[in-house]
Structure formats: structure tokens, C-alpha cells
Amino acid sequence: MSFNSWMNSIAEAGRDLLRRSKGNKDEKNIKTLCADLCSNKGEAMGTALACAVVNAYHAMNEQEQLKFFKLLVSDYSPRSDAIVHCADAYKAEPSAKNLQALSKAVEPPRQHLFRRINMSPTGTPTLVGMRADLQKYLKDHDELRAVDNDLKHLLESWFNRGFLKIRSIDWKTPAHILEKLIAYEAVHEMNGWEDLRRRLEDDRRCFAFFHPALEDEPLIFVEVALTHGLATAVQPLLAPKSDVLEQEPADTAIFYSISNCQEGLKGISFGNFLIKQVVMELREELPQLTQFSTLSPIPTFCRWLNKELENKESTLINSKERKLLAQIELENWHKDPALAETLKPVLMRLCAHYLHNEKRGAAPLDPVARFHLGNGARIEQLNWMGDVSKNGLKQSAAILVNYLYKLNKVEENHEAYINDNVVACSKKFKTLID
Amino acid sequence: MSFNSWMNSIAEAGRDLLRRSKGNKDEKNIKTLCADLCSNKGEAMGTALACAVVNAYHAMNEQEQLKFFKLLVSDYSPRSDAIVHCADAYKAEPSAKNLQALSKAVEPPRQHLFRRINMSPTGTPTLVGMRADLQKYLKDHDELRAVDNDLKHLLESWFNRGFLKIRSIDWKTPAHILEKLIAYEAVHEMNGWEDLRRRLEDDRRCFAFFHPALEDEPLIFVEVALTHGLATAVQPLLAPKSDVLEQEPADTAIFYSISNCQEGLKGISFGNFLIKQVVMELREELPQLTQFSTLSPIPTFCRWLNKELENKESTLINSKERKLLAQIELENWHKDPALAETLKPVLMRLCAHYLHNEKRGAAPLDPVARFHLGNGARIEQLNWMGDVSKNGLKQSAAILVNYLYKLNKVEENHEAYINDNVVACSKKFKTLID
Amino acid sequence: MSFNSWMNSIAEAGRDLLRRSKGNKDEKNIKTLCADLCSNKGEAMGTALACAVVNAYHAMNEQEQLKFFKLLVSDYSPRSDAIVHCADAYKAEPSAKNLQALSKAVEPPRQHLFRRINMSPTGTPTLVGMRADLQKYLKDHDELRAVDNDLKHLLESWFNRGFLKIRSIDWKTPAHILEKLIAYEAVHEMNGWEDLRRRLEDDRRCFAFFHPALEDEPLIFVEVALTHGLATAVQPLLAPKSDVLEQEPADTAIFYSISNCQEGLKGISFGNFLIKQVVMELREELPQLTQFSTLSPIPTFCRWLNKELENKESTLINSKERKLLAQIELENWHKDPALAETLKPVLMRLCAHYLHNEKRGAAPLDPVARFHLGNGARIEQLNWMGDVSKNGLKQSAAILVNYLYKLNKVEENHEAYINDNVVACSKKFKTLID
Amino acid sequence: MSFNSWMNSIAEAGRDLLRRSKGNKDEKNIKTLCADLCSNKGEAMGTALACAVVNAYHAMNEQEQLKFFKLLVSDYSPRSDAIVHCADAYKAEPSAKNLQALSKAVEPPRQHLFRRINMSPTGTPTLVGMRADLQKYLKDHDELRAVDNDLKHLLESWFNRGFLKIRSIDWKTPAHILEKLIAYEAVHEMNGWEDLRRRLEDDRRCFAFFHPALEDEPLIFVEVALTHGLATAVQPLLAPKSDVLEQEPADTAIFYSISNCQEGLKGISFGNFLIKQVVMELREELPQLTQFSTLSPIPTFCRWLNKELENKESTLINSKERKLLAQIELENWHKDPALAETLKPVLMRLCAHYLHNEKRGAAPLDPVARFHLGNGARIEQLNWMGDVSKNGLKQSAAILVNYLYKLNKVEENHEAYINDNVVACSKKFKTLID
């Protein structure tokens, strides 16, 4: 309550400033407000001015937003002459003092503005939202990338791992948080509350990272199924719970969906930490678990496959296979058992090859593979008919993959991956390629 | 629990790494651990490595600490040649890309190290403690100031106003927090729990700022008395509560003590925000309050006065007064009514002069005056015999001062102070000088 | 956690006792467990034995339940001879001691059993559930009414107003509580989460009573709409929120649905307290509210009307009206404007008569009227076409009624109602009858 | 907040009623208020009337209290004639209906009054306080015992085990709860916060029962020390913590102090449940614990011993011993090693005899022994010089005793104790007697 009443008071003060300024002949606009906020006034009246800026920002239409972002370039970039001046001084005498001066000259003044905006009680969510808005304009306005970089740099510091809190999400979680899971789920869509509820039953787990300044807003969440052995298909995990009582406690945790929630935190990595912490949480809660693995999509396999099919000179696919593979364009090919059986060895081999050998630079072409291998996981197995949804068929010919996390191998795998581009995988998987 | 068990697991992992490294022939010490933490390994095993560094740091004696801080200078400072190289490139072509390269070259690598250390669950308190430790070495090791600057810069960003939470402290607050108030009280000492309790009764208030990553550690706190009219002396405020029932509700809030708690956050300003927010909190809770004022010490008045007395050419003090003033060296002079009465006009005039006219640069010489005037408060009145404690007599000849906060004057006062060095004060106070 | 682990330990101990007993030749069944629980053993091993009884009860099928309830009559009723003996002693000498002995003889031993069962961590919900189960058998087993009386008496004492906690329910409430609202809503059905969400938006309020021993189980809840003036129809209240921004803050709170949640607390009245407390809560939160009223169904109006129509000698309805009224049997009569207009004066008059004059004993025939008038509310107005749902048409020819709560009239109305059977109503309503 | 504002509104309404009534000529006093509360008015205006009664009660001086308690006898006792009438009817026809009528006639109307008083938000604490007050008058006013019985009966039902919540108390507990521990500690006095803090350090535990309607008021608490083997003396447990790091984790939990907190709940037993639940809590938290034992005073040993010494015909003590024992009257006898050594075998034998053989009725004479043996514990050993405080010397010649709780023996011990008066004890202890 206290906090809210404070917010209200502050926000009211902010609206006052805004109103007053609008009534003035010379219309104190966002430009003036930002200038004031960065000046001495900002020291005395910081929170009220910050609120005025926040309110003004939220009232903008797209055109005004773009104008505002351009203002951040024109008025809040480091001054070239000052930089050169300080650089020369440093060159002449590389002292600590000259270094500090150069550092200051190099730092964009908008960093200062952003930190001051954060004095508003809703400053952090506003800045995160601002960066989300900014993404729309980047393509056509290359000069705004510097603003994006600065926001990212700042948010990266503020959303440092040390400030994140993990929370377990279940059916006792407040509804206004749960509905965000439905909205943000990016891998296997939820059709409303019944779907969600299934994913929060007692043989499921869900964990999310939160940040103290973005209360009740998940940053990223992961959905986990507790199973017997590796899960090889996602539809059974999403289906209503079977009434058959399990005889044995689960021995495996399957991470079947990971979703980032905040467009404004794009490029700031949380998934790596989340997975590892969830592994530790689960080991603590359920000591009988012996395996931790994902059940992951292979989002760009078919895109690559189609290019390969178009490439007449590819040596990966012989002409017979080429003909065969044309049939996956048919609707419901997967429901024809004979056809599916014929396709299986070809697709499995090609998919294994794709994951293991196809690269973008030194890293795997597949983005999900890049993520999990970079985290130190290894490819465990491919699962035929793992995802027969429309999307699963389109992306990866219904194939899914398990990435296995062995905490005591993570460092070694990661090192080999970073230093020598080694793709860690099981023997079983290896046989698909050879 | 979950969080704690996580901390334990992580910390255990950290100790493992440390132990293993110590067992090794080539002794993986803090140097190696820091290097690993900043490398690719830090990506895969970040939290465990960060914990190892944290544990290693906490195990250091003073000599090792100093060695560690020197390592932060020798191995984690920006490279001069890289800076010059990037500066030249930028000079030749001041492009966004070259600016970014220069920025990167200028940023000290220890910033990266500090951010990675923060991946440990106790990273933030460790870094705050590290900066507190560092203060001891600054005097004799000037080169460590750069490290101090970097830590301060980082902590300033992390302890941004937007991340602070205000909490009201009362007798229902957990004991382990309350005992910190006793320890940190810096203005009017508390002799144990009875003193504390008096300051938390229903005619008193106490508020503190907390940070989510420093759970249960107050950053700064302010003690408030609810009174009828301006309080003019502090001993009655600290004395046991009178049994006489108040007829009227209080109309004034007196801020009689503000204490910073964290040596490691030295130079990062919270007091300004705290006072203003507490004013808003109190207005919300107690709408009948009409005045918000401090009852403040004048810590360096007597020091200045003694210098003035030594200065034979001073025109502020005539020879008769000079003689008179010599008597405040006598013990218990304040208990001699006749003497006190004779001294009063002289000391009050000099004290008013000191607060209003004596400067360090353009700002008031008195540090507390500097703080409150800089916040936009004004000097309201001087209080004779305001603090007759040993300390009060020694610092300011028992005089205290009220700084008055009128929220609607704060901006104006602040601007006049910053731009024109105007010391805002009441007419009544003014008459003491003229 | 601690509590849960305790529950688990206890429950485990309970199952142990149960298992052991089942393994025994002479099968320690519920009869033996109850006897043990009431004996000295119950003192030493109370919680474990209570858990054994609770587990045994939950494992029963309907036949076993009935047998158990009969056991409560045969073995746990007061002994007639003891009563007569003590009564004689008291008659001979009406001393405090003899009164106490008689009191003890009269108290059914099952009260003692119930209190001991409550030593189980889930004792209270089990006893509430037991009474809910019991309702099924009452009709055919009149002797069980004494058990029902005893359970009711005990629960009435335990669910005393002083132990109930009010909670505001909104979209931030945990989902497992919200889903209970959907399940328990008894007046205007909710079709899932979208319906619920509408009822928790910012122009709606919802409050429920909870009991500390029935955590997360609402006992009763009321749904409130904030409106401008008296709401006269329920469908607009349930419809999706209009986008049109309200110019003025609401001045009226409409209680449009009150639902009891626990069959096992049947006959124990909470509604009276809930309404009055919610009035106070709302006045505190929204001082601009000037009216507090229900929008209530008239559940048995049509049932009464049909009887009246069958009664050829009724003087309330003339033959022309009789003919007219026959048409409300037609489906969708309310959609024929001409027909509806003709029916309106007749139905409104008869409904007003029904509410005001028709009695069961001295009290109104209509149960909802009985409840609100008994609470001290007054009949404010009838609303034509107030509820055009299938149910509304069937129960009360689509008419709804507002009962108005004026806190300063509640006592007076209640007294007049109890002592002189006065039905408080507005002048406007009165004109419908005269 | 909501709850508090409700309390305030209600309490205000109560004060209104009270004020109004006092202004009236015919002075509506507590008698009228109670009558109203029990009448129909109590249904409509229950909470406000209950508050008026509560306020009126709290404003009473001792004389008025006594008058009020006498009113509860004169006006709120069951009516003798009605009882006889109903008893006769029941005798004539022992039907369910007649039994119910008799039950009702027997129930004292003050029970109804008490339940209605509980409608006030502070009803429960008021009733608990009322019973505490009542104790003062019982000795001189025997007729008030019936009121005490009724209050006890009601509170016993309301403070049923099922409604109690256990809470662990530590240094993070709010100060206003901690100060109650200092106040209520009944066995080994605490001299302020430093003493308390020692008892909450990490090798100590403290648990208390709370009731939801008596928020923040402990009902009973137990202090536990974690030790290696049985603790044999209490002074080391209370002394400041040794700096020596423990090599091994503790294997024993010593319950060294149990204190009841509420005079108004006198005679309602919580200790039995508390000890057993704490054993379970500790086993969960610290699986390495293998022994659970008290370190208990023997409060009336010396009183018994003195009587025995006065009894010239006692065969327990021979004349030589008699002479020897006279010396324990000397101050500081325990500091004379030779004397102490001579006394030890005699006192230990007599103390063992006292605990094991001396009875009040069938139960042990010593009240603490009665409590723990009744709970199913056994006497484990006597500890010479176990408590050398003034009190310890006076009560039990500095001897303390360990009662051992083995959960799997508790039932058996209890049964033997209840049925056959068997005092369970260790072989070692037995040798002291034989």
C-alpha cells in the first residue's frame, strides 16, 4: 500500500509537471523535460521529472516515438570533438586522470538520461518497453542502433544474474501471472486455461525468472515434465493426464518448452542460467531424478532441407531419396505408415547430419542446437514423430531432439565446443550419421 | 528454502572448485579463478566460478586483499596501446563502429569481472564489502583509486533509486534488522534495546531504504519524531515517553537522525531521496502534519570557531568576545546559567554566520548544511542548548539547527542554491546575522 | 513446508496405525480406532489416531459411511439411564455440582470424538465434509438428525464470526482459489475463466470469508458491481466491459450474487456478516459510494404464482388476468414487446404482493426476501426484465428486486421485522401494491 | 490494512453505542448491552454491540469486574425450574426432541453471550483476558467457579489442537513477539535481550504455538538446545556460546524450558502436543538427531524433603543422614567439594525415591514428573549439580532430571502409566533406588 500510494503521489506530481508544461506558451515538451531531468533540477526533483518523462513517453504515438528516439541520437550522443580532445590528451599523457576524462567523453549522455528515468517507480518497465518499441524502427533507421546498444548495455547490467529471482509457478500462482504464461508461450501454444492447468499438474513443473523492478512479469520460463525415461514425443506430454496411477516415481526431467517473455530484453541471455538452476532445484526436491534432458524442436531443419533439395549438386541426397522426400509436401504424409516408414531412415540421417555438421560460421546452423550445445549439453537422440502438430511437421518433418544436461560434463562440453567447435553427442546419435 | 538450498549447492560447487584448484600442483589461485571467470568457462560455469572467487575473497587476510586489489590494477585495467589505437581510428573516421571500439577499449576489464562475480548468490554484498575493504588501502596506494572508481560506478548503477525499496521500521520488525539500527546509528548513539524501543514508539517513525540483493541490510535510515511545533532540543526526544496523554495530534515531523549504513556505498547518495519519500509517506499516513523539518547537528562549527579564535586578525570577534568564548573550554559551562546567558548572543550570531557565510568553494563549509541546502531545504532556526550531550557541546557548543522542507519550495531553493549559491533561510534566522 | 512435512509425518503415522490394524486378526476397524481415540490412548497418541480415523473415513464408500453414522448414534449418544439418574439428583438438590454432572450426562459423547478427530491436521475439513456427506442419508434415516445437530452445533462454535477472515478476491488471487468461485457460483453461472475475469475487473469487487483451518477454501462470497445509480438488470453487469470511459466515479455498490460454498456448513449463517462488512470495506476504499443495494432473484415467485393460478377462488387475479398470465408459458414471450407491455402491470403488482404479503408463518414466503429483510434491508424497487436468462424467466418472470442496505436503518428495520413482522420498503414499491 | 480499518470502524461503532447509552438518562450499562447482544438486536447489530461490550469490559476497575462476573451468575445461569421441567419430560419420554430440550435448558446462557462477544474483532483475546481476570476472584467467590468452568469449556473447544499453528522462533522473529518470550519465560529467567539472543543462536531452537485469533501472542513455547549426548546441567546451556568450533553435528535435542503464556488458558493443555510436534519438526530438519530429552527441574523435591526431615518416624532417612542433610541449609554448601561429595549419594537416592515412589493419589507427587510421565516419556537420569542457581538450590538441591522421549515407546509408557501407574525409567535410574 505504502508503495502504491507513493507511486500515486509521484505519478500525480509527474502529471502536474506535464500539464503545467503543456499549458505554457512555450510548451515544455519531452525535449525540455529530458533536459531538465539531466540538469540540476533532476537532482532536486528527480522522481517527479522522471515520472513526467515516463508519462509523456507512454502518451506518444509511433511518429512521436520515432522523433523521440532521433532526439536521443541528436542530443544525447557523445560529442565527437570532446572525444578527440580527450583522446589527444590521453595519447600525450596516458594518466589515470586523462583516462577518466576520455571515459566520460565516450559515455553517451543518454546513459545518464536512462538512469535518471529509472528514478520513476515505473522506470525500469518503461525502459524495457522503450527498447521493445525501438526494435520496430531499427530496420529503417540504422542510426538508432547506437541507442539500442546503450539500452541493451544498461539493461544487461541491471538484469545481471545476481538480481534475478527464480520462482516456481504452479496452480497456486496468482492468475494475472498465469495468464502471461499463456500469452508468452512460444514453443507449444496453449489454448487457454485448461491447457495451462495440464502443464501445472503434479507431474509437471514450471519455473521462471523474475526481476525485483519488474514485479509479476516473468522474464523467461521453462516447462518441465517428470517422466520415466526420455520423453520422445511432445503430444503425449500435452495431452490430458492419464488416470492410471504411476507405479514408480519419475526418474527423468524433460524440459519441453523454454520461452523468453520480454522483447525489450532481447539478446540478454537468461536461458542458460535458468536451465542449470532448475536442474539444481529439481535435484533438491526430487532426489530420485537421474536424467535431465530437453525435448526440443529443430526449427530450421526443413528450411535447410528444402535448400538442399533445390541444390541439384548436393551429394547428401541421392536421386531416389530426392523423389521420396518430395512427398513430405503432401498433407498428412505422416499418417501413411508405409510412406512414413520409408521416409524415416532418410530424414533421420539428414536431420542428424544437419544438427551435427551444418554450420553458420563455426557454430551449428540450428539456433536451438547452438543454444544448448553452447550451454554444455549434448545431443542425445532424435525422435521420429516427436511433434506431429502442423508446426512440427513444417519445421522439422515431425522430428524432435533430446539435448541431455549432465552437470558434471557441462564444463568439458562447453570448452570443447567453444575452443574446438566439437558438437557433443551420444554414440547412438553418432550412428545416424556414419 | 529453495533459494537457500540453491545457494548451498552453488556455494558447495564453488568450494569444490577452490579445493580442487588448491590441491593441484600449479595451485589454481584467485588469479586463475578470476581469469577463468572472465573467460568462456565463466559462461558455462559462471555461478560456480563466481562462488569460488567469492569464497576465496572472504578467506583473504589484509595482505592478500591488498595483493588482490593490485591484481585488479595490473591485470584488469584498460590497455593503453589499445586505447590509443582505437582513438586514432576514431579520429580518422568518427563512425559509430569506431566509437564502439573506443568505448570498449576504454572500459576497464574489471567491470566485466565484477559483473561476473555478481553471478554468485552473495555477489552483490561481496562487492559492497570489497569496496568497504578497499577504503583502508586508498590512502597509501593511490593507484587503487581507479578500482574504487570502477566499483563506485558499478554500484551507483545497481543501487539506482529505481531499485530501492522503502520500508517502515517499527517494533514489529525482525530483531536481526533492528539490531543493525543500533549498530549503524551515527548521530545520536543508542545504548541497547531500550533506547531503540523508545525510537519506535507510536509517536516516532523510522524508515529505511533496502535493496533486493542486500536483503535485510538497511542502506540508510532516518528517525522521525512526531511533535507539536518545531522540536528545539534532542534530549527530550530521546528521553522516555511521558505518560501525559497528548491532547492534540502532532502537526510536525522532525527528522532528528539520518545514518548511512554501508561503507561500501560511500559517495552514493540516498539521503535526498529518502527524506522526500518519507515526507510523502507521512503526508499519506498523517494528513494533519503541516511541517517537515530536521533537527540537525552542526558538526564542524566549533572546529571553525577555534580556528577563528586563533586568527588574531579576525574581524568577526572582538576582544571582549574572544575572552568570553575562551570559557566554553570549561567543563560544564552550559550548566552555569549566568555564563550561558552571556555566551548565547555571541555564539548564536557566530553560528548563524558560520552556516550562512562560511564556504568551501561556493558551497557551505558545514557538511550537513551542504546536504540539506543542496536538497532544497532552508535554514529555519538555531536552537540554543539543543544538544547538551558531550558530543553536542564539543561539536557545536550545544547548538542545533532546523532545516525546513517545504516540498513546493524545494525546486526553487535548489535552483537558487546551485545556480547562484543562495542559502535559503527564514527571516528569523536572518536577523541573527544582521 | 514445516507444516506440510508435519502433516506428512502425521498422516504417515496414521496410515501405519490403520495398516497395522488391518493386518491384525481381529481387524482394528474404524470402530476400534474411534474407541481408542476417545480413550487414554487418544491423549498420548492423539494426532496419529485422529489421522487414522480421518484416513479410514476418506476410504469409505457410501454403505460404510452410513454404517459409520449409525455407529455414531448407537455408541456415541448420551446414555438415557445416566441422564435420568443425574436429573433426579439435580431435582433433589439443584447444586452446581449436580448441574455439572447433568450437563455432562446430556452431552453426546460424539462431541468428544469430533473434537479429538480435529487433532488431525485435516480434521476440520474432514468434519465439514462429513456433515456434507451426512445430508444424503438424513431423509431416509431420521435417527441421524441428532448427529447432524451435534456436528452443526460444533461447527457453529468453531466457525464463529470472530474466527472468519475476509479476503478481497481479484485477478491477482491464486488460480486454485479462483477456480472454486467458478465451481461454487450459485446465482448467475460462470462459463469459465473469461466470465470470471469480467467479474474481477476494476469496476467489480469480490469478497469472501475464509476460516484459518480451511485454508484457501472460501465459505461464502459476494460479487459486487460498482455502478451509477441502482442497477436494474443483471445481463448488462455480466456482459463484457464497455470501452467507453466512465466520466464519473461510481456512486452505488450492487451486490448481485451471494453464494455459499460449503454444504457441510449448511444452516450456519455467514451472509449477514459478510454483507455488512463488505459495506464497511467499500466505504473505506471508495468514500464516494452513497448507496449499497442488492440486485436479487425472487426464486419462488413463479411457483407461488402457478399455485395461485390453479386456485380458482383466488381474489388476487381476475379472469382476464388469468388468461393473460397463461401466456408466460410461451417460450420467448418476453421478446414480444406488445405482449410484455400488457403483462408488465399485472406481474409487477402480483410480484410486489408476493414479496410483501405472502408469508410462511410470520416471515416472508420468499427465501431471499426473508434473508435480506431479516438483515435489516428494505425492498427498494422491482425491475422488469431484470433477468432474461432461462432461469430468470422461469423463477420470476424475469423480474429482479433491489434490497437496499442503509447501515443507519438496519437496526430499526430489523427490530420492526422481528418484533412486528414489518416488511420495510420504499414508497415507490408500496405504490405497486396499493 | 483492510482488517485494521474494519476493526477501527467496528470499534468506533461500538464506542458510539456505549457513549450514546451513557448519555441516556437510564444509562445503558453493561447489563443492558449484554442483554441487547443476546437478543434479536444482537443478530442485526452483533459486531457493533459486541464491541460495545468489549470496550465496556476493558474500562472496568476490579470492583466493576467482580460485579460483572456476578451478573454472569445471576442473569446468565441455566434456570433450575426449566431444567427440572425438561428433565421430567425426558424421563416420561426419552425422545430425541425431549433430549434436545433438556440439553438446551442445561446450557448456561452465558455460553451464548460469550459466543456473541466473540463477534468483536478482539473478542477472543478479550475472553481469554476475562478468564485471566476471573482467577483473582475465585478464591473468595466460590459461585464464580461455574463461570470459570463455562469459559474454560468454550476456550478448550476454540483452542482445539486443530486450530493451533506451530511457529519456529528465531532471531529473525519480530521484536514484539520476542519480548513476550522474555516476559513469559517461567523456568530459567532471561535478563534481557542478550540472554534471549543466546537462546536463539544456531545451536538452539525455539518453537511456540499460536492461535489465529490471538495473532502474535504465543500460547506456549519450548526452548531446545542441540547437544552432544544428554545435557546434564543448565548453566552451560545458558552461558555465552563457546568459540570452539564443534567437530561433530549435535545428536541430541534437549528441551530445557517450557513456558505457558496465557493465564486465561489455564488448565487447557498444550505442552503434550507441542513437545511431540517439535520432536517431529526437529527430526525433519536434523535427521542426525538420535535422542530427544528434557532437562527438567524437580520443583517440589526440597519441600517434600523438608517434611520428611520433620517426620521423626520416617524410615527413609537414618539419623546420620538426617544430620548431614541439615547442612544444605548452609549458604553455598554446593561450593564445598568435600561436603557436596558426602551429600551426593544421600540426596540422589532420596530424589530418585521422591520422583519414583512419592504420589498424590495414584500419580507422582512432582508436577513436572506427572506431566512428562503422563505424556509417555521415561525418567532417564538424575544430574547432580544440574542447576546451581539460587532457585535450583532451593527447589531441588541443584539436582535436575532428564525425561527421555522415544516416540515409539510413548504409547506403551502412557498406557502403563494410566492403567497401572507404572513410572517408566531407565535401568541406571532404577539403581539409585534399589
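We call the chains A, B, C and D, going by the order they appear; numbering starts again at 1 in every chain.
Convention: contacts are C-beta pairs under 8 Å (C-beta built on N, C-alpha and C of every residue); 3 or more make two chains touch, one makes a residue touch a chain.
Just so it is clear, the model here is predicted, and its values are computed rather than measured.
Ranking every chain by how far its Cα centroid lies from the centroid of chain A, the top place goes to D. Chain A and chain B, compared by their mean Cα positions, are separated by 38 Å. Our note on geometry: chain A versus chain D, Cα centroid distance of 58 Å, whole angstroms.
Residue positions of chain C touching 2 or more other chains: none.
Arrangement of the chains shown, judged by which pairs touch: one closed cycle in which each chain has exactly two touching partners. The complete set of chain-chain contacts reads A-B, A-C, B-D, C-D. Taken in their complex, chain D has these residues touching chain B: 171-176, 178, 192-193, 197, 216.
Those residues of chain C that touch chain D in the shared complex are 2-3, 5-6, 9-10, 40-41, 43-47, 78, 80, 83-84, 87-88, 90-91, 94, 96, 99-100, 102-103, 106-107, 115, 118-121, 123-124, 143, 145-146, 149, 154, 157-158, 160-163, 165-166, 168, 212-213, 272-273, 276-277, 280-281, 283-284, 374-376, 410-411, 413-415, 418-419.
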